[in-house]
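One chain, chain A, appears in both complexes that follow, with chain B as partner in the first and chain C in the second.
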Partner chain A sequence: MNKKNLTDTAILTVAGLSKSFGGVKAVNDLSFSVKKNHIHAIIGPNGAGKSTLFNLITGIIPPDEGEVRFFTTDITSLRSDQIAKHGVSRTFQNIRLFPDMTVFETVLIGTYLLTGAKLAPALLRTKAFRENERVAKQRVEEILKFVGLWDVRDEYAAQLSYGNQRRVEIARALATQPQLLLLDEPTAGMNPKETKELMDLFTAVNNEGITILIIAHDMNLVNTLSDHITVINFGEKLVEGTADVIQKHPAVIEAYMGKVKVDA
Partner chain B sequence: MEHIRKLGYRRLGLLIGVLALLMIPLGITNPYFMYVINLILIYILLVLGLDLLVGYTGQVSIGHGAFFGIGAYIAAIFSTKLGLSFWLTLPIAILATAIIGFIIGFIGLKLIEEYLVMATLAFGTIIWLVFLNWTDVTGGPMGIALIPPPPEMNFGLFTLSFTQYADYYPLLLFFVIVAIIITKLLINSGFGRSCTAIRDDELAAQSMGIPVFRTKVIMFTISASYCGAAGTLYAHFIHVVSPETFNFTMSVTILTMVMIGGQGSIIGAVLGASLLTIFSEALRAAPELRMLIYGLLIVIMMMFFPRGIMGIISFYRKLIEKRALLKKLKGGKATVDVKKEGLGYE
Partner chain C sequence: MIVDQLINGIVLGSVYALMAIGYTMVWNVLRFINFAHGEVYMGGAFVALTTMYLGAPVWLAYTCGMLAGALLGYLMEKLVYKKMRSAPKLNLLIAAIGIAIVLQNSAQLIWGASPERLASPFLSNNINIGGMMVNQHYIFIIIVTIIVMFLLEFFMNRTLMGKAVQAASQNIQATELMGINANKVISITFAIGSGVGALAGILVGPVFLVYPTMGVFAGLKGFTASVMGGMGNIPGAMVAGLMLGVLESFAAGFISSGYRDAVAMVILLVILLARPQGIFGKVVAEKV
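Let's look at the complex of A and B:
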């Protein structure tokens, strides 16, 4: 693959992150960093704590211990809207769309950070307000064309096909102008064609200079797309490295396949 | 004609509508009817205010009767004891209800769903008890009487002296139109959109950078001040305020109007307020029966028409559109068939 300029700057650093639910350690002393412009995959068996990790990074649940840094800013104790403001956006494992909104309206919500919510300009319809609205709508148009949803912009987002609903979610996340995009199992339940199309979309997004942190089960996707892989199991980091390293690593094979009995 | 076309038919329609509304008092000579119409206008203000919170932001309050009462009592106290005119009591009441709304919202909105409902219910009851028992200021169960009407307004051609119900009508209509315009401007902005996002999916909204709690508190504050304004108008229109007007029943009545009309719809607010005001005036003799019917109405509406009257209307509109589309498709096919037949005969 001819890749864009991969950098060594860490865009996201997770250090010693832990979270327990009751007695279960969902995430246990986890540390890794995501480099700028990479597509970084998180893989691991079901219940390994991948989604919890995403919720910790985006401030939906607070960690028990540890630290999350975005570039050099500590974002551990920030609310999710503040984290979004820093330039981290996400999609959800179970698609979360706004049931009463069209595709266009849904993506327009993502422009909140651009338009803001100041009341006085809205009530007076000032020039700056109208300009902001225009720019926001233009950006939505660009994004919808980019993800290939412009033709269905006036349809209700929740009535689209599963694959297109995921696209809406990604478009909404892109509208916040993120530097880092977190995708939580974006291709789960998709057929091979939809998966392929979404993979192309991720590559296109990445080529726009947006770093992607992706949770996935589809090993084909992970191997094709990712520059770096972190494998977690029982909330702990098992291994990390490039696709070649991961595939051959005995610990990964063990986690997925069970222990290989050498004597047998 | 060119001018009219430039104005757009939509705007022209609005203009004609407003003019027609202004003509209403000329056609209605019965003062009681005029009284009911004025009451409807005040209720529309209340419903618009509560709908901002319930319909657009998804936060249910059954304490908004208290904000209505606070607005009314502030107008009553400031005008009877300090001699302030309506044009001063109105901004004072709006400001005061906004501040109280902010405080209650700030505390209450930390709670979710049914807990918020309970908190607003408690707030409404407490305020009602204050009206009832703080006799020195509120006049206790007797309330405050002899609230002066707004000062005479002279428009050259005609004068509003506020000696009869019909005189209040243009003033109330003016405030309703202003409230509708403000509502429209609010909901068609980044702020309004963020509120609907919160209503639909709080977690997703917050992940898009929307400060959920702050947005809710601001909307609660605005919603409360709508009710404060309505309260002031009510006090200067009825000239008497007493605690029983602003009890739990009032809060439920406003909420019922929101539900019946259709949440998140301005026309729905107007419809809900109009229908239920007429309905409750018709049932004046049996107020207990009224609450029974309101309760039943809410349950039925929530079960079958969660989007109220406006929901039913949009459902049938879509159905008709679908049928028209089908007809069109069938029609197209039919012409093709005719052609085929024609060809056959040749």
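Let's look at the complex of A and C:
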């Protein structure tokens, strides 16, 4: 494993992004950038627009205004699958698995991009196809060992413990060979032990050179892992900076604790 | 007599099974019943007929019919259903019925209403199985059905594209995030399901003849079989199709041939009342 090499290159740039649902501005003129190899945390109160932001970045919903760039490529109007091809992968706040597939099969789907999955070679079982298949399966094995799911590879993903289901989701995301991994509240509902284990996993993933953008509520996790934090509230950026800066910032304290009224 | 009816039933059941596959595959990715599937069955048979009139050999005509069916299903999805992706499912059902009516009448306009027989190189020969004479074309239908089922099973479970179809049926959004183009998966599903449905129409063409409304009852039977097998369950659809064919054939042979269609409808009613998830379906506990 390489020692973490923080860079100044922006892997993801969000510029002036807005999205309204009815009259509610879920994301409002939001701009920030994620630097390569960082673990970048997005925090904010419930309903601040964090998950909407992820849906906008990954092309699940189109923005009203603004731009999303991956390195220098404009990915704003691309479909989810095209964005995945560029190297952006994600997990969901509510785990979304393929309930009728085993862990191995689920992660194998993630290698679809790797092998191209053309029909004719598959039916004819050409040499190139068999080689691709071998590489894909080997890669699934590596990933499952890496996230600690190799022993349960033949079990149905939906029957695993909550913590392990999250691992399956992460493994599936890793199988697409992302450069940027988006994690939407990955430790929500986990016990402290599971949370600790997942935090170690995120560090390991990050050490492999994968940039992580993470939404989290657990301030211990945020402060321990993140190189950079963006705080959003009511769809707007409140402040950003390192953990030390954020913790002491009056606007953050106000957003979380409420305004202390002095002129009562 | 029993063996005789059993063979008839298996032949009929093969056709229902091939039809049921189309309904079930489409249900898998879009969660709606394509009620125009019977017209794909009819369209494929007519294209095979026309190709044959133009002087093509039988195998080429059959292949053309099947490809035309696949194309018809593909276009149906691209031109109509795709535009209604976010509409309520009822609108899709009504659109499907509309497409069915348009296609039936177009076929009547182009080919006329009188039934015509599709040629088969096997139809005039019988084969002796254990002292009983069985039409060679029946054997042909059974063999082709078995081959198609094996190919489909291989495609769905042994290829990554098949896995992608399965993934899309379980969670389409997560599938897209794997870099898989869901539109492509849906198109492929429609094309394969429709190609198989058209094949069913072509296979029965030499026996039950080809006419514009031939897909109405065949479609209903295929739909019944897909419900019996559990919607979305491909192996279930295959087995249920065969079961339905055999049951129908026994009812026709031992009670009265007038009850043939009634049997399918009674089975459909009973299944929907007693076991809506189908014989081979599983109860899905919806999380709230």
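We adopt the following convention: the second predicted complex is superposed on the first by the 257 of 264 C-alpha atoms of A that agree within 3 Å, B and C clash if a C-alpha of one lies under 4 Å from a C-alpha of the other, contacts with A are read in each partner's own complex, and residues count from 1 in each chain.
We adopt the following convention: contacts are C-beta pairs under 8 Å (C-beta built on N, C-alpha and C of every residue); 3 or more make two chains touch, one makes a residue touch a chain.
This is a predicted model, so every value here is computed, not measured.
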Following the superposition defined at the top, how do chain B and chain C come out on chain A, clash or fit? clash
Touching A:Leu213 in the superposition: chain B (first), chain C (second), both, neither? neither
Of the two partner chains, chain B (first) and chain C (second), which one does A:Tyr112 touch, if any: first, second, both, or neither? both
Which partner chains sit in contact with A:Val103 here, chain B, chain C, both or neither? Use first/second/both/neither. neither
Which partner chains sit in contact with A:Arg79 here, chain B, chain C, both or neither? Use first/second/both/neither. both
So, does A:Leu221 touch the first partner chain B, the second partner chain C, both, or neither? neither
Could you look at A:Arg90 and tell me whether it touches chain B, chain C, both or neither (first, second, both, neither)? both
A:Ile57 contacts which: chain B (first), chain C (second), both, neither? neither
With the two complexes superposed on chain A, say which partner A:Thr176 touches: chain B (first), chain C (second), both, or neither. both
Shared chain A surface residues [contacts with chain B and with chain C]: 58, 60, 79-82, 84-85, 89-90, 92, 96-101, 105, 108-113, 115, 117-119, 122-123, 133, 136, 172-173, 175-176
Complex interface listing, chain A residues touching chain C: 58, 60, 79-82, 84-85, 89-90, 92, 96-101, 105, 108-113, 115, 117-119, 122-123, 133, 136, 172-173, 175-176
Chain C residues within the chain A interface of the complex: 151, 154-155, 158-161, 163-164, 166-167, 170-171, 173-182, 188
For chain B, which residues count as touching chain A in their complex? 182, 185-186, 189-194, 196-197, 200-201, 203-212, 215, 218
Mind listing the chain A positions that touch chain B in their complex? 58, 60, 79-82, 84-85, 89-90, 92, 96-101, 105, 108-113, 115-119, 122-123, 125, 129, 132-133, 136, 172-173, 175-176
